[in-house]
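I've put the structures underneath this note.
In what comes next, chain A is part of two complexes: it sits with chain B in the first one and with chain C in the second one.
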Partner chain A sequence: MIKVEGLYHSYNRDGDYAVKNASFEVPKGEVFGFLGPSGAGKSTTQGILTGLLRLQEGKVNVAGYDVKELKRSMFNKIGMSFEQSNVYSALTARENLRFYSKLFDVPTEDPDTLLKLVGLFDVADKKAGEFSKGMKHRLTFARSMMNNPELWFLDEPTTGLDPAIAATIKEIVREKNKQGVTIFLTTHNMYIADELCNRVAFIVDGEIKLIDSPRNLKLQYGQNLVDVEYGDGGSLKKETFSTVDERDIKKLQELIGRKHIATMHTKEATLEEIFIKVTGRELV
Partner chain B sequence: MKLLSSLIKEIKLASHSFYFYVEIGFAVVLLIVVAYVVPDNFTSPKNEEFLYFDGPPAAFEVMLSDIDDTDGAAEAGTFKVKGETIDTTLYENDESKYYFTANADDMMTLADSKNKTGAAIHVDSTTFKTTFDYYLQGYETQRLKNLISIFHVNENAVLETAYDSQEIRVMQEVPRLSDKINILPSLLTFNASLMGFFILAAYVYLDKKEGVIKAYAVTPSPIWHYLTSKALVVMLTALVTTLIIVIPIVGAQINYALLILLVLTTGFFGSGLGLILGGFYDDMEKSFGVLFSLMIVLGLPIIAYNLPSWDPLWVKFIPSYHIVYAFRELLVPNGDIPYVLWVSLAFTAAGMLLMWICNARYKRTLSV
Partner chain C sequence: MKKMLTIFGRDVRVNMKNFMAVFIILFPIVMAIGINLFTPGINDTTVNLALLSKDTEMAAYYEDFAKVETFATQGEVENRVAQRDNVVGILPEENGNYYILTQGNEPKEAVVEYAQVLKALYELDAQVADSNAVLHNFGKTVPPLKNTLVNAMILMISILGGMLISLNIVEEKMDNTVSAINVAPISRTAWVFGKSLMGLLLPLVGSFALVLITGFTYINFLQLAAVVVASALISIIVGFVQGLNADDMMTAVAGIKMMMLPMIGSVIGAELVSQKWQWCFYWSPFYWMYKANGIVLSGAGEWPKLLLDTGLVLVITALIFAYQAPRIRKGLEKV
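This part shows the complex of A and B:
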């Protein structure tokens, strides 16, 4: 669904690249996470893929369209949910969606259905300017589904949302993916990437450092550890043991036999820890 | 369908926007001013002259016959200057008021207090030779001083004969509008055509601020739909505000078909300028310098129109010059219709060129 080869982009065309030699492919039906800290080149790459930025160097094919020779009909196939809410403040939620529904050449969703989906139906006739930040974000998210996109670009889809709404958004993303929608998720939130993505790409300073599935990354970079809390002479103690080190295994077995175990958890490395390990950078 | 949808959206947005009501409100204020404040014809105040006459009564009688007082009677009066009372005798005709004082000092005091030129006229009682002492304020131009110096090189009678024998040929009969109607071309140019340019730039900046322009960029709708819908709503507003002013003031004495054509075509050009500005800057603050300069340049022909003595050739190259004069031709009886049509055509072509430039510019910059 997306094929990128040797992508470079320089805002001032001065050799100072925001994206350097990026190459990747996203097959149909995949949820692909594009992860990196602010200024890493995520938005630039996404901007090029969605035609918002002009392709300078490299080959980019999106939903069967060569981005170099961008055709407006490409936008019938893609949806884009922006990080910054961008809706008409002077129009109601319903008017916002109704207006956008008329800009496509393909059958579109009913605005009310989308508003129900994101929990805004009750305020459908309220002006978007009177919405909270989270409500505007949900309206922007709903709008991106208007044309039932085959390829869905999501830029920080849960940022600034309360946990319950964020869970709803994630559920919608999963459901759309089940229906066969390919999703390109841009985020610096490793937890949402871990939850939703089939594969992730780590991008730092415009360069893609690695691409793999979260599971493989955890297996490759994670440590096999167990956190144990146990009672010892009236107090609660905590220790971490390796599940591969012979001495640690023996100590753990002894502990289980002699002490009262309060809690015991296997400890996997988080994507964030792996990101730091691989790139040497934090996700700020 | 997409264009219609965009246009309906723009009309809704405009009807919710502050700028729309500013335009309508401004048109209503202009209407009130033109209808109730501007007279049909302005009357200029009479010129005031402060004079002291020193000569025989017979010579004074000759002077009075030249003045040709309206009611043929002198009017006694007084002026209070710095606590001092100065007696005057007033003679008045259609153009001027002549205040005669009892002595030269009073004349100078009065002229000084009123910031006017005064004169002492001396006539020799035997030879009847006349001499003039002018009392100037000091800021008069050298040209005026030269004129005063040479004005009395000949006898009055000689000068009068020469003046009367001047041949005046009218090269072109220019139809005259009443002052009330004559003010309309300036107002319509500013309100309908130039205001649109400012308002449209403001609309684009609002879209940029809300980020909706990005959302539009990821739809299949072409950029020119976005631009055209914006221009159409501004042209429509221009038409409404023009009619608010013109219908009550001019009534049926104008060709409305041509007026609508002119407003729409010049509004189209103004919209193109506004879109260009919106395409190069992100907000009003950043564009203010260019916007303000452009408003001044485009406003210069309006000044030239109202000051016929200042009409340099280069002003004619500023597009708004032809907008003002095209509106004037619509308002004068038997106006130059081909000129109005030519202006409409030219501004349509110029507007299309601007839209073409905007289309290319916005394609590159509409988004990120």
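This part shows the complex of A and C:
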């Protein structure tokens, strides 16, 4: 669904690249996470893929379209949910969606269905300018589904949302993916990436450092540890054991036999820890 | 085309919710009513007479030369004359002669003496057919002040079209909605044309409403449309430039208002400056628009002169567009 080869982009065309030699493929039906700190080149890459930025160097094919010779019909196939909500303040939520639906050449969703999906149906006739930040974000998110996209770009889809709404958004993303929608998720939130993505790419300073599934990354870079809390002479003690180190395994077995175990948890490395380990950078 | 109209429809919907935009849209009608109130209308130059209804023969004679109202009693005629407007009463005396009744503050030559002459002509039984005078005229049927005001208002309305474009673009910038349009299957050209429609239709509809309300019903409306479209183009360009470069509504409006200076200057120049200094205003498209509008409002229908003036407007507009095109292109890439 997306194929990128040798992508470079310099805003001032001066050799100072925001994206350097990026290459990756996203097959149909995958949720692909594009992860990195602010200024890493995530938005630049996404901007090129969605035609918001002009392709300078490299080959980019999106939904069967060569981005070098962008055709507007490509946007009938893709949806884009922006990080910064961008809806018409003077129009109501329903008017916003109705207006946008008229711009497509393909059958579109009913605005009310989308508003119900994101929990805004009750305020469908309220001006978007009177919405809270979270409500505007949901309206922007709803609008991106208007044309039932085959390829869906999501830029920080849960940023600024309360946990309940964020959970709804994640559920919608999962459901759409089940229906076969390919998703390109740009975020610096590793938990969301971990929950939703089939594969993730780590990008830092414009370069893609690695691409793999969260599970493989955890197996490759995570440590297999167990946190144990046990009773010892009236007090509660806590120790961490490796599940691969022979000495730790022996000590853990002895502990289980001799002491009263209060809690025991396996401890996997988080994507965030792996990111720091691989790139040497924090996800700020 | 459908998407262009969608963009235009959105602008109309948003404008209808914005007080300033509604005022701009209604401005031509407000001004037309204002012009009618404060200048003598084309049909209002006649004298109004109040007579008794029994004087039917007299009323029939006067109706060829004045607006006649008839009343049942002398008291009613007196009440009518006493009202604010200029109505002259012609009433019978006891001896059978007729006298003229006025409030006393009517214009002497234009109203009172005209009524006196009319009365004398009636008494002499003079008819228009009796006159051997041959009529010649310059084709001017409208009071010059009214002509000037309507002409200047047509120019003003074209500027207001640009102001609306500017407001609509600034609104999109403030909401950051152009990025959403950029990922929709609509071309940049369709968006620009959709946004421009307001700058074309407001001047067209507004100017037509203005001339109709102010009584210029005899003009060639095709000629008016030609001049208004040519005039609107320059406002559309300036509207885009201001909209793309302003960050808030007030800055955009202020930028467009600057266009009023050359507009007013051109009108004053064309009307008051002597012929030998007229060349000083040749650079101004408003000067040529004003000239072209003058031809249209005269109803004389001189196409060659009209096309020459309109052509000059288009040439100056093309030069302005060539100068501003890089700013517009850059502004469109930024939004």
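Methods note: the second predicted complex is superposed on the first by the 284 of 284 C-alpha atoms of A that agree within 3 Å, B and C clash if a C-alpha of one lies under 4 Å from a C-alpha of the other, contacts with A are read in each partner's own complex, and residues count from 1 in each chain.
Note that a contact is a pair of C-beta atoms (placed from the backbone, for glycine too) under 8 Å apart; a residue touches a chain by one contact, two chains touch by 3 or more.
Note that the coordinates shown come from a computational prediction; the quantities given were computed from them, not determined experimentally.
> Would chain B and chain C fit next to each other on chain A once aligned, or clash?
clash
> Determine, under the contact definition given at the top, whether A:Phe75 touches first (chain B), second (chain C), both, or neither.
both
> Kindly classify A:Leu53 by the partners it touches after superposition: chain B alone (first), chain C alone (second), both, or neither?
After superposition on chain A, A:Leu53 lies in contact with chain B alone.
> Touch check for A:Pro111: first (chain B), second (chain C), both, or neither?
Neither partner.
> Looking at the overlay, does A:Gly36 come into contact with chain B only (first), chain C only (second), both, or neither?
A:Gly36: touches no partner chain.
> Of the two partner chains, chain B (first) and chain C (second), which one does A:Gly206 touch, if any: first, second, both, or neither?
Neither partner.
> Quick check for you: in the superposed arrangement, does A:Gly222 touch first (chain B), second (chain C), both or neither?
It touches nothing on chain B or chain C.
> If you lay the two complexes on top of each other, which residues of chain A touch chain B in one and chain C in the other?
Of chain A, residues 50-52, 72-76, 78, 80, 82, 84, 86-91, 95, 99-100, 102-105, 140, 143 contact chain B in one complex and chain C in the other.
> With touch defined as at the start, can you tell me which chain A residues reach chain B in the complex?
For this pair, the touching residues of chain A are 43, 47, 50-54, 72-76, 78, 80, 82, 84-91, 95, 99-100, 102-105, 140, 143.
> Tell me, which parts of chain A touch chain C in their complex?
For this pair, the touching residues of chain A are 50-52, 72-76, 78, 80, 82, 84, 86-91, 95, 99-100, 102-105, 140, 143.
> Enumerate the contact residues on chain B facing chain A in the complex.
Checking each residue of chain B against chain A gives 1-2, 5-6, 9, 12-13, 16-17, 210-212, 214-222, 364, 367-368.
> Within the complex, which stretch of chain C touches chain A?
Per the touch definition, chain C meets chain A at residues 2-3, 6, 9-10, 13-14, 17-18, 171, 174-177, 179-187.
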